[in-house]
Every structure is written in C-alpha cells, then in structure tokens.
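In structure tokens below, several structures.
Heads up, the next two complexes both have chain A, just with different partners, chain B and then chain C.
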Partner chain A sequence: MFRFFLRRVALTLPTFVALMFVTFVAVRLVPGDPIEARTGERGIAPERLAMLRHELGLDQPVWQQFLHYANGILHGDFGVSIVTKTPILHEFAILFPATLELAFCGLIFAIVLGIPAGVIAAVKRGSIFDHSVMTVALAGYSMPIFWWGLLLIMFMSEYLGLTPVSGRMDLINYYFEPVTGFMLIDSLLSDQEGAFGAAVSHLILPSIVLGTIPLAVIARMTRSSMLEVLSEDYVRTARAKGLSPLRVVGLHALRNALIPVVTVIGLQTGTLLAGAVLTETIFAWPGVGKWLIESISRRDYPALQGGIMLISGIVILVNLIVDLLYVAINPRIRHGG
Partner chain B sequence: MPLLSIRNLSVTFATSRGPFRAVDGVDLDVEAGELVAIVGESGSGKSVAMLAVMGLLPWTAKVTADRLSFDGQDLATLTPRERRKIIGRDIAMIFQEPMSSLNPCFTVGFQIREAMAAHLDLSRAQRQARAVELLELVGIPEPVRRLKAFPHQLSGGMSQRVMIAMALACRPKLIIADEPTTALDVTIQAQILDLLLRLQRESGVGLVLITHDMGVVAETSQRVCVQYAGQQIEMQTTRGLFRDPHHPYTSALLAALPERAHGRLLPSIPGVVPGLADRPKGCLFSPRCRFATDTCRTVPPPRASAALGHALCHTPLVDGVPRAQEIAA
Partner chain C sequence: MADDPVLNAASVPSPASSPATSPASSPADALIETVPPEISPLRAFWSAFSENRGAVLGLAVVVFITLLAIFAPLLALHSPIEQFREHVLLPPVWAGGIWSFPFGTDAVGRDVLSRLIYGARISLGIGLSVMLVSVAVGIVLGLASAFLRGIVEVVVMRVMDLVVAIPSLVLAILVVAVLGPSLTNTIVAVTVVYLPRYVRLVRAAAMAELSKEYVVAAQVAGVGKLRLMFVTVLPNCLAPLIVQAALGISDAILEAAALGFLGLGAQPPTPEWGAMLADSREFIRSAPWIVTLPGLAILVTVVAINLMGDGLRDALDPKLRRS
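After this line comes the complex of A and B, so read on.
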C-alpha cells in the first residue's frame, strides 16, 4: 500500500515538469506582451518600452526567463503579478475559495443527480425513463457551457426572477469580512439574517451550469457500469438470499459499479476547473477562472503561469486522491500488492 | 404433501428471434430430506427450471406452471415481498461458479451474516457466532480469521464451501445445488460433493442436485429426473434408471459412460441438441434416436406411465427393447 502510494506520487513529477514547460511556452505564444497590452493603441516611446521590458526581465533570452521561472517555482515562489504587483500565491489564495465553492457545489449537483439517474436508468433499461435520461445526458454533454448559462439566466433570472443574475452576494444588503473565503460559511458566521439564503441563491445557477457536463458523464458512466454489474453472478447470489431489491441494487451492485464511476468523477475535476473559467466569466463570479481570463487580456505572464500551474497541481492532486480512494473501495487492489 | 411440488412448469424467453421455450412442461416432486438429481446436457433447461422456482430469472423470462408450491405455499401467487421471505431462508441455492458468485467488495463474513440479518431474529453477536459455526461445519480452518477475508483471497474450493455455509445459514428446508462442482478441480470436486452429501444427511435438508455427471447421480441421489432440450424425458428412482432406462436418450447416455462401455470405442450420441431454429416437429430427440419411427418424427410423444419412468416417448424401452405405448395412445 505504501509502495503503491510512493509509486503513484513519483509518477506525478514528470507531469509537473512538462506542465511547467508547456505553460511557459503557451503563455508566450499569445501575441503581444504585458507592456503592449497596457499601453494599447496610444503607443509608447521606444526607450520607455525598453526600460519597462528590462524591469520585467522580458529583454533576457527566453531560456534564461524559463530558468528564472522554474527556479522560482521549485522554491515555491510563483512570482508577482505585473498588473497588481501582489504575489501570485496571495491573489490565488484569495480567489480560489470562490472557485472551490462553485466547483464543489457543481460536483455535488452532478453526483447527487447523476448516480441515482444512472442507477435507475440501468435498472429500468429500455424504459421511457432510461431513454429520456440518456437523451438529456447527451444534450447536456454536447451543450456549450456559455450558451447553457445564458439560457438559464434568461429563463430563471430574467423571466421567472427566481435567482440573481451574477456575483456571489447581494453586496448592497449584506457586507461582512471574509473569514474562510467560502461565501456559504462566511454568510453563516456573519449572523446576518438572510445572508446564507442569498449566498445559496447566487450559487444555484452557476453550479447547475458547471455541473451539467459532469452530471451527464457521471449518469452515463453509472448506467453502463451498473448494467454490467447487474448481470454478475454475485448479484444473483444476493437476490437468492431474499434481500430487498433496494439492498441488492443499492449495496451489492452499486458498490461494485461505483469503482469506475469514482475514477470518472476524479477526471471531472479537470473539466470542472476548466468549466469554471467560462462559468465564472458568465456569472461574474470572482474566482480564479475569471482572474485567468483577465490575466490573458493583460498578458500578465506570472499570473497566468502561476495560476495554471496551481490549478493543474490541484487537478493532479485530486486525481492522486481518487486513485487512493479507488484502492479503498476495491479490496482486490488493496490486497493485490 | 411433498416439500416442493412442480407441475407442468414452462419458461419462455423473449428473444430478438421470437420466443424461446427453455423449459417445457417439467414435473417434479421433492420430499423433505430427499435428494433428487436433475441431469441433462448444457442447455437442457435444468438450471433455468430451478431458477424459476427461486424467482431469479431475468424479466425477459415468462414462467407458467399448473402448480408451483413449496411447503404448502403457492409460489406463483405470492407477492415478490412474500416470496423473498421464503427465498434465502427456506430455499437456498448454491451456484456453479463459486468465485464469481461471491461479491468481491464484501468480506465473507458480511455475506454469510447478511442472510441471517434478513431472515432471522438474531443479535449481531449471535450472527457472528453462527457464522463461525457454519465455517467450521463446512470444514474451513481458522473460521474467525476467514470471516474477515475477501472472496479474492479464497480458492475455488474454499469459495464453494463459503457458498454452502451461506446456503445453510438460515437452516433451509430445501437446497438447490446448480452444478456445484463443475467449475472446480477434479480433486476438489469429490471433497465438495462429499461435504454436501454429509451435510444433507446430517441436517435432513431436501436437496435438488443439478448435474450433467451420471456418475455423481449414481453415487448420490434417490431419484433422477432427466431433461433434454427443455423437456423432462424421464423420471424414476436412481436404481431403476441405471438398471432399466426407459427413454432412448437416457439409455444412450448410460451407454456412453466409460464404466459401462464394452467395446474399444466409447459410444456417443450422434448430432447435437436442437436449438431455437431447428426444432423437430415430433419428438425432440427423434433426429438422434436410433429407434425413431415416422411417428416419432411427426407427432409429439405422449408421457408414459410411472412404471415406464414417465418417459416422454412413443416407444419406451423395456430392457433395451422399444415397446409401442398402448396406454396414452
């Protein structure tokens, strides 16, 4: 078990190195640099441009810039934002709870709906329920996130007036200092009446939009995995014991069917954080996704490099956790060596 | 009143190529404490018939029977909930593939205690004690440690012992063993069979043994039911069957036993069991039967009297010689 853990951790190292290189190159492939992005069409005196470039180290050869950047990351230093002059790690730490809160709620939405839908579709295969779930899942999977978000805003917020259009909180009615950075928790801690409800209502639409693709993937995966497991001999054994269908399906079959589903859920963290970039932009959600988009238009190289590295690091970490969780669910791996 | 009583049991599967009748008019009585064997080739419907009794067939199967009663209760009219009170408690089943019949995600102990938790009014400690007792009964050493094992840590023979322990957990009145030794090593087969027979004798439980091994039948059962292509073609005492088989198929099966063969070449039955598409009009065995007449090929055979082993045949054999059936004709 411990060796499995070590091997699994060692495997993530090459991924990090490759990631460091790819982010560095990709960021520089965008036309223009931070100075040009800031000066825009006004233009700038050549000597001033050279001076600013020198200040940011952009006049050095690219390989030197890379070494400098890699050296910093290996020492835990992600650099300073060109625009705000604050350390990247600090900005990220302030914004990330908002993204995490959104991604978490989106994932909960996807799991809570996706697994039961997949299970019921498998048990009642060929039924109207099965066909509708699979059709909706396919539609959800194929729909562009930004379009789906706009549709929901138009219908739920504009037409029905049920949910707020954007943001995390009604800032006119409520104000409190962030404690944890998670709006759901901070609103409860603030003791202001209605603040928690307001936080929840702001979360609903973004969570649905962000959770739709994972929901479709989880539902489809659960269904196919469940279909396979339901024809296994041990499910027949469980039924032969006279157990209730709920116990046969919900315990004996589901426990086995969940093994591949957990892997898929882990892989969805990447989708979630990528989706967060779009979702946060649509809903003016002040998280790292929106921050990254803004950093692109500002050509804020350190912010982009650092932000992408940090997000990727989190995705890699989550996948590592999922692999370990997988071992916990499946005893065959646990004892297999 | 027999413990299990089946009359004219039929099971039809809906397939993409139309309905397929896997079991066709099977009758069976099992008395309490009796050991009845069902023999037949693969696909003769012996497992399907017993799965129908358990109510374990998939939804594509349609089960009909004139009578399907267990211990005085009509299984066919019970609600699924009422039926689940009998299944696993009074009737238990042991399957062919022990390795895949145990759930890989749960410990052996959990799976043995589970049936008790569902059917018996025992405390947690009592269930654990009974589980230990059961593993000792089926000859598993270090029962307390084994209860914590997962199925993949057990060998095939061990797994089948666990399956037997699981079947015995609620002290059933009837056990259906569906080819319990087929998937095991030859050396283990004898051990498991001996164990099953010993437990059956000691506990007085009724046992239906599904097998395709005539040798096993001869050693174990009191009565035999022979199935061919979903039909029950002969039913008599084991002793009678081996001495004087009345259906030509049974006769040919026995002739193919190595112990009984006289010549240098082992006799075999030509042809194969008819499938869905190539069912003969008359007797299903007629294309392979060396006694078949034109009547056999065109008219479905009647069932002979008990004296002739209920043989489903136009010309049941008596001492190896076909005799026209006066009774039913």
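After this line comes the complex of A and C, so read on.
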C-alpha cells in the first residue's frame, strides 16, 4: 500500500511540471511586449526598456526564464501583480478563504440535500418522488448557473427582499478585522450582535448557486449506487432477518452505497472552483474566482498566471488526496492494486 | 460496410468471442447474424430509442431549435442587431407589450425574440463545431495511442491528464486570455477543455477491441495498420463515442455561454445567449424578461440535448444504461 501511495504521488509530479510549463508558455504567447503593454501609448525610451527587460529577466534565454519561474514557484514566489505591486501569493492567500468558505457551504448544501434525495428516490423507485428527483437533477445538471444566480437574486433579493444582493458582509453596520478570513468564524469572534446572521444571509444564495450542479451529480450518483446495493444478497438477508426497513436501508445499504458517492464528492473540487468564478462574479463575492476574471480585464498577466497555477495546483492536490483516501478506506482496491 | 471482405471474414469467430457485444454496437455483426434480416439496424435503434419518452421529447425540442437556427432569417421579425430607439425596454406581449416585438426589446431597443432565434444559430453552431473537432481529433489521438503505444501514448495521455487537472472554466479562461475574446476562440477554448474525454474514450474502446479475435484475424489477413485502425476497429468503438458526442454538445453550449457571460466569448452585438445575459444584469429590477428569456433558452436547449443523449445511451450502449 505504501508503494501505491508513492507511485500515485510520483505520477502527480509530471502534471505539476507540465502545469508550470503551460502557464509559463501561455502568458508568453500573449501578443505584445509585457513592458510596452504596461507603458501604453506614452512610449518608453529604448535604454529604459532595456533596463526594465533586464530587471524582469526578459533578456535571458527562454529556458533560463522558465527555470527561474519554476524555481520561484518551488520557493513560493508566484510573481508580483502588475496592478497592485503585491506578491500574487499574498493576494491569493487573502482572497482564498472567501472562496473556500463559499465552496464549503455549497458542498454542504449539495450533500445535505443530495444524499437523502438520492436514497429516498432509490428506495421508492418509480414513484412520483423518484421521477421528481430525477427531473430536478436533470435540470440542475443542465443549469447555466450564472442565470440561476440572476434568477435567485431577482426573486429572493429584489422581489421578496429576503437576502442581500451581493458581497460577504453588511459593511455599513458591521466592521471587524479579519482573523481567520472566514466570515462565519470572524463574525462570531467579533462579538457584534447580528454579525453572524448577516454573514449567513450573505452566504445563502451563492451557496445554493454553487451547490446546484454538485447537488444534481450527488443525487444521481446516490440513487444509482443505492439501487445497485439494494439488490445485493446481504440486503435481502437483512430484510429476511426481519430488520426494520429503516435499519436495512440506513445501516446496511447506505454504508456501502456511499463509497462511490464519496469519490464523486471529492471529484467535485474542480467543479466547485470553476463554478466559483461564475458565482463570485454574479454575487460580487471577493474570492479568487472574481479576482481571476478581473486580472484578465486589467491585463494583469502575472496575476492570471499565478492564479491559474495556484487554483489548478489545489485541484490536483485535492484529487490526489481523494484518491489516496479512497484507497485507504476501500480495502478491495487496496489489495487489488 | 457489410460487403467488406475483411469484415465479413473477421466476423465469423466474433459471436463466440464477444457474446456481450450488443447488436447495435457492432454494425457489421448486426447486419450479418444477430438481428433477423427483416429489421434494419436503424429500425432496431429507433424502437429502442423511442421506448424512452423523455428522449423522444428531447429529440423533438432539438429538431425544433435546429429548424429555428436554420431558418432564422425567415422566422425572425427583425434583424438581431437593429436598434429601435423609440422602443427601448419594451415588455413582452403578455406583460403589456406590442405584437411587433413579442418578447419585448432590450436596453438599446433590439427585438429579444429575434436575438434569441439568431442566438440558437450561435449556440448550436458552437456546440456542433466543438463536438465535430473534438471527435475528429479525439479519434486520431485515441486510436494513435491505442495502436502505436510507447512514447506516443505516454505523451498524449499525460497531456490529457494535465488538461483534466485544470478546472474546465479556468482552462477555457486561460486559452481565451491568450488568444483574445471572440467566437472562434471560444470554440478553440471549449474544444481544448473537452478533448480529453474523447481521446480517453476512443483509446479505451480501441484497446478493448484490440484483444478480440476479429482484430487478430484481420491482422493475420494482412490488413494494413491504417485500415485496421479506421475501418476494422473504429466502427466497433462508435456507440459510446456517439453518446459522448451528443452529451458533449450540451456541455459545450453551457461552457461557451459561461464564457460569453463573463465577457470572454462572443463580443457585442453578437446575439449570443450568455452575452445577452451579461448585458441584462443591470435590468434585473426594471426588465426581468431580458434576464429570464436567454437563460431559459440555454436551459431548454441543454436539457433537451441531455435527454436525447440519455436516450441514445440507453439505445446504443446497453452496458452504460443507467439502473
């Protein structure tokens, strides 16, 4: 098993190197000289241009530039934003908790609704409930989530006035220094009355929007996995022993049905982070997704490069961890592989 | 293809070697022995497909939207980019609008219905182009890595692993940021994102076929490598590929609309559904129809294609059938 772990980790390394290579090449493919692009129409004196090029290492051969870039990344240096002049890693670290909080709440929403819906649909196969769950799941799976977000804002915020339209916090009424970067925790720590409630109300709509596709995927997966398990012999035995249906489904079937569901949940990280780009743009949520889109419109290529490197790196790492956990949990794979 | 001498010779041992192969998934076999002669494969496929009512409904909607797209110039009441300045933000007919603009007008007085109809052209066009390019490239790369193995396979599959590792929208954003936002670059970006599915699928299907006896028989008969790849093996890998291609169209439409919404796809005044939604954001309060209708168009199209794709899967590939 240890050898499997090592092999799996080793297989991830080339992906990281290739990722560095792709982000490096991509940014150099952007037409135009990065310095001239920055100076704009004012122009720049040739000797100053040469000096800046030397400072940024742009006068070196490309392979040296790549080694320099890769070396920087390995030491946690993802470059400096052209616009804000702060290190990318620093900007990312400030914004990432907002994305993480949103992704976490979206996933909780998807799991809490998706697993019970899938289980009940499987147990009551062919019923109206089953058909409704599958129809809703199909719609959720096909949903353009940016439109779904606008609809929810239109109905819940504008029409019913239940939830705020955008942002993470009601900054007019509450202010506190970020401690953890997670608004739910910080608002509790701040001891300001109502702050936690405000944080929750800001999270509701974005979580629903971000959780919609994972919800559909989890509900479908739970249903089909549950249907498979329910036809197994040991479930029939449990029923024949006279155990209550709740015990059979909840204790015997669900445990085994959840194994593939857990994998699917783990593999949703990429979906969640990609979905965060859209969700954060709609709700003006100050996370890394919105920051990435803004860095494109500001032509902040180091930020784009570093941001994509960091987001993809996190997804690769999480997928690796899910894989390893899966093997650790599921003995059948452990011994087979 | 039934009178292909190689396939005829090759299919003799195949019933024994591949009892699990469905009639529809290996057309050569189907024609020769499994299906009774009076039922054509197309008939057999249709009877399996039409069992699924959702799939038939999906197909009907897809046909309807396709017709809208083809005949857009005849059906649309106005040009999608003509601005009627005297009719700005006109509500739809059912909310007190006028019949010459049935779905109302947008912030610069363009007819929403005409833009939606022309938008069908763009969305279906993107979906189909992405699908065709990625199927073609996927077949070549997938077959090459299954047949040639070695360094070709390692390089192709590692590159695909990398593409899969980057979240789809983030990768599409990177491609568009490099190439610049436009409709063509949207197609390129979405194709890059969805290519690995096809490559992996074709490679896996081809490798499964390679060990079967009809392939060995064809090799013994002296069939060349290219013929073996494209004529002997490929037709037997088509069923899962067709299913994936159908479902891939809807994913491509969604992804392209997301790019359009972010301002990285089709540029104004192109009547692309995602871009229309992006323009509508300021009018959530005052003109809800501009927000509602383009999204509804995307949702209906994507749901219809997914329903159709599920039906295709059940009909073509019983092994993948959902329980």
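Observations
As a convention for this text, the second predicted complex is superposed on the first by the 287 of 337 C-alpha atoms of A that agree within 3 Å, B and C clash if a C-alpha of one lies under 4 Å from a C-alpha of the other, contacts with A are read in each partner's own complex, and residues count from 1 in each chain.
By definition in this document, contacts are C-beta pairs under 8 Å (C-beta built on N, C-alpha and C of every residue); 3 or more make two chains touch, one makes a residue touch a chain.
Everything quoted here is computed from the prediction, not taken from an experiment.
With chain A as the common reference for superposition, the partners chain B and chain C occupy compatible, non-clashing space.
By the touch criterion stated above, A:A240 is placed in contact with chain B alone, chain C being left untouched.
Within the superposed three-chain model, A:R48 lies out of touch with both chain B and chain C [touch as defined at top]. Residue contacts after overlaying the shared chain place A:I308 against chain C, while chain B stays out of touching range. Counted by residues of chain A touched, the larger count belongs to C, out of chain B and chain C. Aligning both complexes on chain A leaves chain B and chain C separated at their closest CA atoms by 13 Å.
Against chain A, in their complex, chain C makes its touches with residues 158-159, 161-162, 165-170, 173-175, 177-178, 180, 250, 254, 257-258, 261-264, 274, 277, 280-281, 284-285, 288, 291-292, 294-295, 298-299, 302-303, 306-307, 322-323. Touching chain B in their complex are the following residues of chain A: 232-234, 236-244, 252, 255-256, 329-332, 335. Remark: chain B residues 54, 56, 83-89, 92-93, 95, 97, 100-106, 111, 114-115, 118-119, 150, 152-153, 163, 166 touch chain A in the complex. Across the complex, chain C is touched by residues 14-15, 18-19, 22-23, 26-27, 29-31, 138-139, 141-144, 146-148, 150-151, 153-154, 158, 224, 227-228, 270-271, 273-275, 277-278, 281, 292-293, 296-297, 301, 304, 308, 311-312, 315-316, 319 of chain A.
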